[in-house]
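In what follows, chain A forms one complex with chain B and a second complex with chain C.
After this line comes the complex of A and B, so read on.
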């Protein structure tokens, strides 16, 4: 079961995650210009590696990311096999599963939601690492709300994907806050956690 | 002397398959040079899948003997009108005309003719595989990675993820991008990562390569994290395996070494340390449930470790399972899949009265039994006449009541790859110096890093690594990995 802090944000974040950073739709003219790799060898990061990237990006310890029932580490214990790990001595699983199990996206969402929520909570308590600009803008009208959201979007992509974001990515992440308007009772919190989840669970974050 | 491979003869002998099936069933790479894949590559000399090796069984099969779409088309076109199953000579004579006859077909219905696929390095039986020259497209090389060639920035990110266990930071990526010597910087980074705990530590990536070779079972483990029935400690095996694969050590030690390695987890990471004690000294130091029982001159790397003998030999006189596991785990040949067969004349002798001379059994046991004899003097859990897990020249006397008096006449000498060997130490020496061992070693890392076997177009690069492991790389896995990350297969997005 997820910690209490997560429950109010689950539904809205799931929806946002689907909407933002989505691949170009079929009618998008940019889609026809896309390059084609001869190798097309895209590999999933193991849970261990993805979790480490997530922890580094959010300035958290790996053990803090997520704990099922408040006890089992999500990545190394509870969802170890689901996230591409092995357990030869007790379960006889010598190699990562050949195909990604259907439960993998659920496990990824749970870890990302927990980690992003924790980062948001810590930023509220301060000093902020990622969400400072929107928290400041919420506290004072001296700060520009759009600019604050853009700064958060940039920070998320830089920290979690190790690169500068494209303009359309910033736009999509900024829009997560707008998408939650009228749905969420706390747009600041849910928009921030949602934007974080979008980047943390993007194809680019999960595969290489 | 017939030039037909053992596997082809077996297929003919069982009567289950026509000669057509044997086109690619004869696939075992290594010392064996089966004629059918060779014949295929004589027809398509310049095909990527024939680079440095014979054609693979998957050209015509899904899993032998089942044919894939291309194999079905070939079967229909091969020597039409001849009685089936085809005699091997008829089969080989009809192979080229048969292959030519289906060149203009599109067996997998993907829009590319079979000939285009064979010469373009893709599979004529897989609609998801299309000729590379026709499918690669990079309209703007400044918009990210170069998807049509080796890309250093991509390789750098992969090295960080594969060997260091994390993505590079933005700063690290920028530093690398600005480097004037990206090749040098890439290899410097690999050196750093090869020393990481993620790569070489307890439960790390190298450690886990050994899972299938060692087959750990916690319930019967002794020592750290021991189970309820402590029989042996596989920590010795994992530690030894990692040690042989790191710090430029000779990887052949995995089969030929006569020492052991301890593993200790510290705050600075996992520390491996070589040690050498007699069985008595080790029993005194580590206790009865952990000591290694084979005397130094009879040791042969992992295959004489206590865990290997306990979990494979167990209570058997002629330890066929042990030999088969050694053959599979370290040489890449699975006898149960008819791989690596080298039948020996007048074998199997069936010294232990198991009925293996029946024709259907003898096909494999004429290889497996002489492969197993050198293991027969090493004690398992019980049944012999000496201390468990030790070397005992008269071990088989303990089995005469169970397997009959003739079991005591089983020779210690045997054969591997058709070559006679006096004992297991010699067996291991031949094995470790074989191409099969080099291929199996490189394949372990290829699969770890690329998560699949070499593709047809990558066979040249793969075979170069296999060849170099025993020459340029000086039998060092780490030297081999430096070359592996330079391949197109690794560095082209």
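After this line comes the complex of A and C, so read on.
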């Protein structure tokens, strides 16, 4: 490690270099406009990690998230390899599959649908963890419907993505309920489950 | 949301435009691919995992034919069944153990070959490796004969443009299921691993069979809202939108997902019936309309992973989900507990369906192991042919008329034995042969031959098919011959033409 005196010198030199380059960047329209990574590289979370995040976010046990035919754990058994897991003993798969299986996005939706539906059902029974505001707003006109949806949206992003949401993200999630108007016969339920699925299966939730 | 860089059709169109006539291959023409997809051929790669020895299968040697029968892998004449005018043999064998496993067995391949040898061609070859993983890979690439493309990829590329999952691998963790190394092979032709045939259909629909019902239109709207409204609003998606994994993921969420769910595969591929252990009806599901047929063809599919794979393989082809399927025994011990004990002296007759290491149990018990495993593969071939023969293509042909079953082996086995031994252990050998069942190959035909004094196979003239003692066929030649039988366009590949391997 550099001594503190030298580190200060390095910082100064770097700042001078950045300032010297700044005019050149300013003249380059591409550099000014670019707000994305030129060398973007992300990796998928394994099903095990994503499932753990999902369980934590929805305050469920991992084994409760999804069980195929009521018996097989979706993440650790039924869709284990599809979701990026390994199974060296029986299948000889000791590394995650090199490419994403074509059925992986479907399996992800399937798990999220189950988990979000279960969270919604539990919240209806109470005490609510996530969907309390919209359930209250539905029961009583004392609560503001828009505000309730915003609270749910904020909660979903905080719990499932571990960060505060931006205003436009909240707006997008609130609009999930509107998007189901005329399609669903129970917008409260399907909109809540849908907003949860939207966040839980977003690329940010699935990749790092 | 940014759209994927290209769709499947656009990829092919772009490739055709970019390549022009450089390669001169039909595979570069979008129109030709569309035509081929409507007039497909089907490939089934049935893997003789561990090393199936051709002289323990259809090329068995009678003791009376050999100068050194006691020290060579030959069979008593009385055990060998042959047919007038046919080059093939079958050895009906019984025994009380498979290597060190005290399991009695009785196999009758003569019954199978009596019916099916009319569609059997055996071609001899010499391999280039006796390492399992390498030999397996080279069995499907012809030792990287064509830019490292695999047989399965080539068939999927040429015939699978309109199939939702053209190239499915039901055998994981083996060289037979490795990807080819040619980056120009389109993604749709790459193999998809299916780890568990009975459960996998459940991953082919986002909602059907789930514990929490949701209307399809609702799920569709939720997905659209995620893809087009929420995700584009996130910094993560904006910053990493060009990451290859995200592009791939978003591509899969588009057309491929719609096609898969549109085929209702969660139902069509469900070959098991409702039961207490598999309560389909409780979740609004039922078994495939073809379930009874595959259960009849593969009655042990509930306990034997190979039979389950064969059942799914057929359904994948029947419903045009795939044009290439790869399956085979893995190295696990498979035991049939439903067979009752008899005298208790050994495990019940034919209760060991798959010895540990499959064909590679030959290290401990060559003769018994090869007999049990060849019989196992013949049984799968028989079931598949029976099913495919009954599938009408609508033009007077059956699916079987368009299918080739390639029995791919890691390599061969040593040809010698301790003097007079009934069973013994063998190592690996580069010398062997390939069995291919299909109406697309010359039936009841041997290309090449076997020297009964050494047990070594020899080659043939690629043009005429005449045997040529002293010649050995290369992996690239057999690879090319199989592609040729399947009608795959190999122009521009530099592969040798092998007309004697196609009918």
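Just so we're on the same page, the second predicted complex is superposed on the first by the 171 of 208 C-alpha atoms of A that agree within 3 Å, B and C clash if a C-alpha of one lies under 4 Å from a C-alpha of the other, contacts with A are read in each partner's own complex, and residues count from 1 in each chain.
We adopt the following convention: a residue touches a chain if its C-beta (ideal position, glycine included) is under 8 Å from a C-beta of that chain, and two chains touch if they have at least 3 such contacts.
Predicted model only: the values in this text are computed from it and were never measured.
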### Task
Go through the superposed model and pick first if A:193 touches only chain B, second if only chain C, both, or neither.
second
### Query
Looking at the overlay, does A:36 come into contact with chain B only (first), chain C only (second), both, or neither?
both
### Task
For A:136, select first, second, both or neither according to whether it touches chain B, chain C, the two together, or no partner.
neither
#### Entry: Which of chain B and chain C A:117 touches, first, second, both or neither
second
### Query
Does chain C touch more residues of chain A than chain B does, or is it the other way round?
C
### Task
Quick one: classify A:94 as touching chain B (first), chain C (second), both or neither.
both
### Task
In the overlay, answer first, second, both or neither for which of chain B and chain C A:158 touches.
first
### Query
Does the superposition put A:52 against chain B (first), chain C (second), both, or neither?
first
### Query
A:72 contacts which: chain B (first), chain C (second), both, neither?
second
### Shared contact residues on chain A - chain B and chain C
35-38, 41, 43, 90, 94
### Query
Which positions of chain A touch chain B when the two form their complex?
33, 35-39, 41, 43, 45, 48-49, 52-53, 56, 86, 88-90, 94-95, 158, 162-163, 208
### Task
Using the touch definition up top, name the residues of chain A that touch chain C in the complex.
35-38, 40-44, 66-72, 77-82, 87, 90-94, 97-107, 109-110, 113-114, 117-118, 121, 166, 168-169, 171-173, 175-176, 179-180, 183-184, 190, 193-194, 197-199, 201-204, 206-207
#### Entry: chain A-facing residues of chain B, complex
132, 135-140, 143-144, 147-148, 157-158, 161, 165-170, 172-173, 198, 208, 211-212, 215-218, 221, 234, 450-452, 489, 492-493
## Note on the structure
Note: in the complex, chain C contacts chain A through residues 164-165, 172-174, 179, 187, 190, 192-193, 195-196, 199-200, 202-207, 209-212, 214-215, 217-219, 221-226, 229-231, 233-246, 248-250, 252-253, 256-257, 260-261, 277-280, 282-283, 330-332
